[in-house]
Amino acid sequence: MKTNRIEAFSDGVIAVIITIMVLELKVPHEMTVAAAVAVLPSLLVYGLSFLVVAIMWVNHHHFLDTAKRADAPLLWSNNNLLFWMSLIPFVTAFMGQNCAAPFAVAAYGAVLALVSFAFLLLQIVLAKQDAEDGVRQIRYRRLNRKAAFSVALYAISAGLAFVSVYFSFAIFGLIPMLYFWPERELNETLS
Amino acid sequence: MKTNRIEAFSDGVIAVIITIMVLELKVPHEMTVAAAVAVLPSLLVYGLSFLVVAIMWVNHHHFLDTAKRADAPLLWSNNNLLFWMSLIPFVTAFMGQNCAAPFAVAAYGAVLALVSFAFLLLQIVLAKQDAEDGVRQIRYRRLNRKAAFSVALYAISAGLAFVSVYFSFAIFGLIPMLYFWPERELNETLS
Amino acid sequence: MKTNRIEAFSDGVIAVIITIMVLELKVPHEMTVAAAVAVLPSLLVYGLSFLVVAIMWVNHHHFLDTAKRADAPLLWSNNNLLFWMSLIPFVTAFMGQNCAAPFAVAAYGAVLALVSFAFLLLQIVLAKQDAEDGVRQIRYRRLNRKAAFSVALYAISAGLAFVSVYFSFAIFGLIPMLYFWPERELNETLS
Amino acid sequence: MKTNRIEAFSDGVIAVIITIMVLELKVPHEMTVAAAVAVLPSLLVYGLSFLVVAIMWVNHHHFLDTAKRADAPLLWSNNNLLFWMSLIPFVTAFMGQNCAAPFAVAAYGAVLALVSFAFLLLQIVLAKQDAEDGVRQIRYRRLNRKAAFSVALYAISAGLAFVSVYFSFAIFGLIPMLYFWPERELNETLS
């Protein structure tokens, strides 16, 4: 198997993940302002998850572009990542329908922490493929610190949901921004 | 990342969007003429949305064929477009089940206005990549005027839904025709 | 646009169509033999539709392999075909849940007649691209006769459903066989 | 048709299969520990099915890499495999919601036995394409014995469900391990 097959399969899975989330938006049955407002939290959570998955797709491609071999560790750290990502539509629907419930917000944070952790594992596998390249190793260490930071933040957001869900929302809004801006730099760093 | 990866991912997302809409068609449970007639509006709205998304897919490819670089502005104006397009199945189900309700019809028009606006943004990003090509710039300006015209028409259709939903339906039927015919010209213009 | 992009998009749409049909199978909630038997018609109809769509996918590829240009007639006769194919999951669910109801069986036959007709249109467009090749024209005429025969059979099956649904089932079972066997010949004929 | 088109279509179908399973996870509506625990079996079954399908995807690619011709036997043994795989989301939802019911557990085992049998048929077709290569034939015979072993184990698990579902679960957990470890060897054997 070549790495481009892993990319193509991952693209397919991520394209389905990012799109089927919209099926969880419940069409309002009454034509009142209250019914429209009731759909708003689901829509906002959907927008957030779309952004998060889109960022992951972009990063995933940057990382896989650097892959040297489609060996078993790469294949299975990638499948592991896709598994945790595939739970995003589930927690998106859960939090969208219960966005004031600490448990639902904590579940969303916990799944994103696990996805970030799966990303960290994938990066470690890719770094090992490049073990003899000293310059890259330094850069990978920085990327890994950043990924570990995301894992920690999402884990904290899951815990904070039981104090106040607004703390969690603040962290959910903050992390995409962290990833969004330095992307250009990431691009230059790795390609 | 290369532009063909953006195309492949967009193709995947659009293929899922255009197909999952059919899941929102509710199978009638009674075998009466009334039950069959009740499904008709949903079917017609589904047909309209299929046509709209198919046109968008065709235009999307014409535009991305001209892309020079897969840089961050292109990547994110494209992800932005896919996000708004992904709401089409939602408003299709909403209007299909409530096609006499001004609010549902306005929501359909509003989402299509936002999709058209996202297309306009993508075209502006692509035009900037071609900034030194004078002939292309003139053509892009014409394409942008046309896109801005669509945004305006869809926005008007959303407002008119509260006067009479038939005005909105007339606009929904008109815009695909506008795009459909000059496609060959568009093709020659850009490729 | 190149013909391979049409193929890739069609592949994506057909892959989603053939797979989402399974979502319409309702999981039985009681663990009785009666509940298991109640799911059987849906399963059989799903199997039939899977076979029909798989045959269409195979034929679609054989046809598109002969395409010379991705012009507007090809693009839109293909989008037209994908639209009617996208209704197959809907009528599959409908007939699966009401397989003794003439109306549901007729709807299934009618949609497959329309899909076959869309295939005929696509073949006519492809034949025109090959207009100067005399040998191919003779072969296309034979293929078109066969497609027209399918359209007629499916249309008859829709009508016969109101006499007895078993006539319709016989036709639904017969047509895949007609297509299945001479496929090798088709392959040799066109490639 | 070339073998890479079969791969691309299979990738699309498998990507949809592996992802839509998550739609069957029912979002809990009450925020109690009991409701969260009630979702756990579905989640675990989903995780198991994701692992099973991911292994199948990996094996599928290893096998198709060795394909010589995209002839009718290959095409239809592959479509046959995809059909049985497409039932995995159905039995995953069924067993996930009724994981103590022997009938649901047996259905899961039976479908996986049929999928494994479809894999065996595909391998036999591929082995025939390589009929003159003596070394490969010996290896194929070993792979076929292994596939036949899976068929037998899954069939036994279906039967044992009526004695105790825990026997079945033990087999469901054992088989992925059998496939997981020797993958590297498989890779070397065939490529």
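Think of it as A, B, C and D in the order they're written, each chain with its own count starting at 1.
Heads up, the rule we're going with is that contacts are C-beta pairs under 8 Å (C-beta built on N, C-alpha and C of every residue); 3 or more make two chains touch, one makes a residue touch a chain.
None of these values were measured; they are calculated from a predicted model.
Undergrad: Can we say the copies chain A and chain B touch using the same residue numbers, with more than half in common, or are the two sides different?
TA: Different; most numbers are used by only one of chain A and chain B.
Undergrad: Angle of the rotation mapping chain B onto its copy chain C, from a C-alpha fit, rounded to a multiple of 5 degrees, please.
TA: Going from chain B to chain C via C-alpha fit gives 90 degrees.
Undergrad: So, what's the distance in Å between the C-alpha centres of chain B and chain A?
TA: 27
Undergrad: Averaged over CA atoms, how far is the centre of chain B from the centre of chain D? Could you give it in whole Å?
TA: Chain B and chain D have C-alpha centres separated by 38 Å.
Undergrad: Tell me, which residues of chain D touch at least two other chains?
TA: In chain D, the residues touching two or more other chains are 8, 12, 15-16, 20, 23.
Undergrad: Can you name the residues of chain C that touch chain B in the complex?
TA: 1, 5, 8-9, 12-13, 15-17, 20, 23-24, 71-72, 75, 79, 82-83, 86-87, 89-90, 93-94, 97-98, 101-104
Undergrad: Residues of chain B touching chain C in their complex?
TA: Listed in rising order, the residues of chain B that touch chain C are 7-8, 11-12, 14-16, 18-23, 25, 27-29, 31, 36, 47, 50-51, 54, 57-58, 61-62, 65, 183-184, 187.
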